[in-house]
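Heads up, the next two complexes both have chain A, just with different partners, chain B and then chain C.
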Partner chain A sequence: MSVIQQVTRDEWRFWHRTKLAATIIIIGTLLTLVSGVVNTLEMQHASHEREHLQQSAQAQFLEQPDRHPHRMVHYGHYVFRTPSALSIIEPGVDAFTGTSIFLEGHKQNTAMFADQRQASGMTRFSSLTPSFLLQVLVPLFIILIGYASVTREKEAGTLNIMITQGINVWHLLLGKYFALVSSGLLMLLPLIVAAVWASINGESALITSSFVAGYILYILVWCGIVLAVSAVNQKNSASFAILVSLWIVLCILLPRIGSSSAAAIAPSPSKLEADFAVKAELRKLGDGHDASDPAFEQLKKNLLTKYNVDKVEDLPINFRGTVAQYSENKLTEILNQFAEKRMQEELEQAYIARQFGWLTPTTAIRSFSMLIAGTSLETHHRFLREAEKLRFDFVQSLNKVHQDNLSYEADANRNKNADATKAARVDAANWQVLSEFSFKPDTAQTRLLRSAIYALQLLFWCGLIVLLLRFAVRRIS
Partner chain B sequence: MQKDMIVASSLCVRFAQQTVLDKVNFNVGQGEVFALLGGNGAGKSTTLKTFLGTIAPLSGTATVMGMSVSKDIDSIRQKVAYLPESVMLYGHLTGIENIKYFLSLADIEKSAPDIEQALMRVALQKSAWCRPMSNYSKGMRQKTAIALALLREAPVLFLDEPTSGLDPNAIDEFNRLIATLAADGATVFMVTHDVYGACQVAHRIGLLDNGKIVGMFERKDQAHIDTEEVHAAFSARSQQ
Partner chain C sequence: MSVFSNINREARFLVKQRYFFALLTIVLLLSVFSVWSGISETNTQLSTIERLQQKDAIDRANVLAKQSDYGSAAYYSFHLTYSAPSAMAFAAMGQRDIYPWKHRIRMLALEGQIYETDSDNPELSFLGRFDFAFLISVLLPLFVILLLHDLRSAEREAGRYDLLIATASKQQRLWLSRASVLCAALAIALLLPFVIGAIIMQAPLVSTLQVIAVTLGHILFWMLLTLWFTASKVAVKQSSAQIASVLLAVWLGVAVLVPVVSDIAIDEMVQSPNGGEIVLTQREGVNDAWDLPFADTWAPFIATHPQWKNNTEMSSQFEWKWYYAFQQVGDQKAAALSTAYRDATLEKNNLAQRFAYISPPMLAQKLLSSIAETDTLAAMKYEQKVRDYHQALRLFYYPLLFGAAELNEAQNNKTKVKKVAFDAKALSKLPSFSTFKNTIHTAKENI
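Up next, the complex of A and B:
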């Protein structure tokens, strides 16, 4: 057995006999395991519920009786997004944004944040999810296990004996490093199991292995930090105090400073401000429910000229339906402009916050983890865009039914009496306008490309650790 | 002629502006027990650390078994054994486990009977062999460390204040053990401020004061170095 293996074996023997480290390893592993299991069960339950609700929403829409087509526009429809398989470990922004949207005419009911200023806040603390445990608590467990790795040898004088016995300090540190890494990997086991489970459930093997590799790099970085600090300090107490301070700075303060800085550097309007701005623009469009609104005068003229008639009653199409189509088109353009602007602002904030990955490995793994898992802001934005396209298509299909299948006269007189109301209905067969909504995760290539820079951040941290350990070896030697 | 195992030649060590060792010269032959005696701050530990390669000399040379400490420290470390003042080893391991572990770090394989024989030779009571070292007394820890040195077949032993904190019986036992090792050919270099202990065990004593060797005492025809002579020189230096 090599010296490195001997040191690793003795480190484990020490942890086993001193109980404390063994207890921390067991607690850490159990905690991530339980969190993974609970999250998986919750996700499965949510998935069943989502499937049921999706079918039920579709069936309810299709089961609607003969009625005025515009009532169906307002009846609306729900779409649900199936989260990525890896979201059992990394829920990412889904926890903040939700995974369903109610689609209806004239509105973009986004699943966006309650307050847009929170956009970059998505990189902060979250609930006790497996990813939170792995990113924030596992480093603390590694500190508790390894803060005295080298300092206890110094305090006991055994390091002196080893050095004067001619032990290679690199071998000693590597032995301790591998022991610490193996304890960290033990806490990573639930993640590895979940990744295998995700692969079985259709996730790309390249993605799941990259996901696991990212977390392994993160564990390597933290083990390196812990060992280097322990190696350059003389006392257990000093090593512990420095490491806990580092944990607070790297895992809590810097990610928070990152998101706050992002909000300060790239400010976005509050929801209220944004809503006012949208309302102001929409007012200029006119009311699409009122065909006599002056805003549609030009449309009317163009149609009368096109069909060579004098009044809207003589048009071969229902002018009210045309107005609804025209109005929805214009309104959607404006809503999309605002939505795109808002998404750009959010992305800009997220990008700034993610650059803090050069300052803290926690932000680096968080960005990498969300992007690889497909639970990032980018994926959510794509969901919003696809859902909006579906909304627009189905509303315009109903408006077309309104224009082509319902006469102007019946439509205009629909509120005169009960018979007129009945006459202003179209056949329920026209409700077959819903396209099937199936949100596919981004391809493995897209996710890998997006996350490449954050993988680079993790590698940068690994490089830094090598330098730190070299420094520690020189100090000890 | 006795082969020189440890040689200090015009050894100078300086910390900042203070000279800690000033042209120190001595040599220790094979099978010899050499004690470097001196008060606090005399430069004893610095001399020891220089030979262990943890302090670099400003000038002069320090050689162990003919190898220069400045150039061949890794090779020297493979061959010497060092017993610090407070030998701790690993509290969570038993005496035998400690020995096995340190041997494995030195890439040395020894059989269980070899280890038991070494422990018997240093007179560590058998009941302690499989007890965690955290329960050992200082004397027991020293015996374990010497057993380790024996198993490593280290021809040179460096001891730092080996008898401090030991009771008189343990000191006698330790001195007998060192004498036996020397008789078997081991070279022992110890630093101490224990005049009586040094006179009992050492073949020669170098008196160090303010970084200089100010006296050299050796056994003549007696079994021990004359304690009174050494004590008188030591006291005279202390009062200056």
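Up next, the complex of A and C:
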């Protein structure tokens, strides 16, 4: 054990002396620290802004004057998605999905105003998020620090001396490994602080600790790759060239190739295109604005028999409101069916891209990190579903008000003159039907379950590293 | 003569380098993949547009056949607008996955429709695509560094350095020709698949040459930088790996740090209204109109459309002309915010263009997406075209809704305006987006 410690200490002493490694460690740690702080401030700002917009949208809805209830259906409502606690480290798809949706009757709108649309376009490759630094740049830093850890000893001839002195090669490599890992963990320190901060702000401790654990595994994997390559090569320059090439392939190329392949293998029709199919289905339903549409004949007959009257005018309820309710219900069923299909297609694409986690640890940690942080596609889909639920609820409640609180006669004559228009209104107190919207990320359990397979990918990489190191040890001895 | 013999010797020397060929093969494969995925994406977009055009035409014909007045015709009929990828788009997909390139709009207030985005899968956008522009802008410097960083130090480490210097007539020329041969091979590996792709896609010759020029320029920049550094006094004492580390740090600086810092700076420099405010303003404008006296809608409408001032009379509590007038007024109310929003986007883009001059990778990327017409500017142009087209729809429907012919007749005969008669044939002259040209230059001021 003391041999391992000795090697670790020597390695640190060497870095201290050569300055290069020390500089890289300091730069890496500072970079993650700065990005952590900047991102935390940005996310808090976004979070406050969206909460504020949500409240003002709610207040505006409630402040609307007396109106025809259907006017409120079209007046609609806005919902905003507040970012999750861990998005200070891993903003995930947040910048690429819209963060607000306009909710109105008869339609499911898409999310609007994605941040990237208003950005300068400079951050398509790199971004100052802790996740980008940790997933892409920290491996490069580890390479720069450790590419020569074994080849250096070979070039100087000290490795042979140590082996002839009877030092165990495993001990030697483990000592160097721990040194490398400790430098990687230093750069991870800001992430750990941020994770603690997220815990204080209400994120479950189980989530934040798995989050940190995932990144530690990732650091372990890269340190292992660096050490193994350095151990099997004879020269510093060869070890360096191979490691940098590996970094390009694993950190930059494969994740993008994954994304391009997913788009090419499983192309998903655009929403615009699917909308034609939706429209064709909807046309069969009849227009909910027009109570005399033949599509509602059956509904009318049933109601007339139920209340035992001859004309819709004699019904105790407003038939136009009933039709609005009935058709909104049918229409939403169809809309949801298509929306679910679309989400499924998007998920399938994402799954293909995520399978590249078996080929590169970077994709594995990225999927793991997004899912645990609750900033993945799944969370965005849940936002869409919850927004849709809210939309359906308030639209139907307004339609119910339309049915129960507004007489059929006043409703039918509303365009006759100014007084008739006034008579066809209901009290603003009815607008209280709107329920409050506050979006919370998935529960800790759901997120952990979802990310399990990507944790497995990371563990697979750890296993691979152990095999690689064993191979390296055999090569040396 | 001596230059040629130098190059000849270097070329023969290279054939024996295994590492060099491995790298070149990888580069070639990457280039092939990037071009292939770019072509496949372009074809998908083109066929999507084609299908949409057909479905759109059928859908509109169906809808219009059922209408019996111009107001409903305008209300129920959507119009497809799109921006087809250029022949060069396969090389640089640019911002097309973020900005919409297809919309279906109708004659309602435009501000409520234009921000709807039918965007790509956000997770794939987040991961980023692997296109030719990415290969050229971000990865190319790394290839050059990998190829050239040990130009001198490898010879030094192999103990051949002094011998080489002695046999070469001029030292500078030796390194320059060796680097040129290496980079020429790299350029061929990168550009060959691209040129084939350009021929397949029938890209214009000028833009193909432009892309080649950008590629060669970017290679040249990194080649000279690497040569300069390896020749400097600092590098003499350093090992290959140390030299490469310094060059990598330079790459990190210009490819990662400069863009990130300039992004933050640009955000600070340009104030942009929140997009949400535009749609909220527009919504309030449109919805309030239902409860306001008619005059409140007519006043701002007539201010911009004085030709209809004699025909604002309302015969019922609802008339389509009034309905579309308050849609127009809603747009007018949001116009200032909307213009500010677009100006901010343009301003940010201009600044980014300027900041790109200190980052060759960003510059290469901006140039490529500008050649391919897939940059922010192209997206803004498309948006403006949609706005102009929407304006053309309004100009088409207003005379029908307000009754231009009837108004004329009434004025001549000094009688009251008759009700506007519906004639389905009039709708056959609806402006179509595919043949639409930006003829309304004043559209921006009008909206």
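As a working rule, the second predicted complex is superposed on the first by the 455 of 477 C-alpha atoms of A that agree within 3 Å, B and C clash if a C-alpha of one lies under 4 Å from a C-alpha of the other, contacts with A are read in each partner's own complex, and residues count from 1 in each chain.
Just so we're on the same page, a contact is a pair of C-beta atoms (placed from the backbone, for glycine too) under 8 Å apart; a residue touches a chain by one contact, two chains touch by 3 or more.
Since the model is a prediction, treat every value here as computed from it, not as a measurement.
Applying the stated contact rule after C-alpha superposition, one finds that A:Val93 touches chain C and leaves chain B untouched. Within the superposed three-chain model, A:Val7 lies in touch with chain B and out of touch with chain C [touch as defined at top]. Using the contact criterion defined above for the overlaid structures, shared-chain residue A:Ser245 touches chain C, although it does not reach chain B. Once the two structures are overlaid, the count of chain A residues touched is higher for C than for its counterpart among chain B and chain C.
After overlaying the two complexes on the shared chain, residue contacts for A:Gly76 are found with chain C alone; chain B is out of touch. Once the two complexes are overlaid on the shared chain, A:Leu144 sits against chain C while remaining clear of chain B.
When the shared chain is aligned, chain C comes close enough to touch A:Pro267, but chain B does not. Of the two partner chains placed by superposition, only chain C is touched by A:Ala420; chain B is not. The touching residues of chain C, counted against chain A in their complex, run 19, 23, 26, 30, 33, 37, 40-41, 44, 48, 51-52, 55-56, 59, 95, 98-99, 102-104, 112, 115-131, 134, 137-139, 142, 146, 150, 153-154, 157, 239-242, 244-245, 248, 252, 255-257, 259-264, 266-267, 272, 274-276, 279-280, 283-284, 287, 290-291, 316-318, 341, 344-345, 348-349, 351-352, 355-356, 361-362, 365, 375-376.
Here chain A touches chain B in the complex through residues 1, 3, 6-7, 10, 13-14, 17-18, 156-158, 160-167, going by the rule given at the top. Residues of chain A touching chain C in their complex: 20, 38, 49, 53, 57, 60, 65, 67, 71, 74-76, 78, 80, 92-93, 95-98, 100, 102, 109-114, 116-128, 137, 140, 144, 147-148, 235-237, 239-241, 244-245, 248, 252-253, 255-264, 267-273, 275-276, 279, 346, 349-350, 353, 366, 376-377, 380, 414-418, 420-421. Only residues 52-54, 74, 76-78, 80-82, 84, 86-93, 101-102, 104-107, 145, 152, 158 of chain B touch chain A when the two sit together in their complex.
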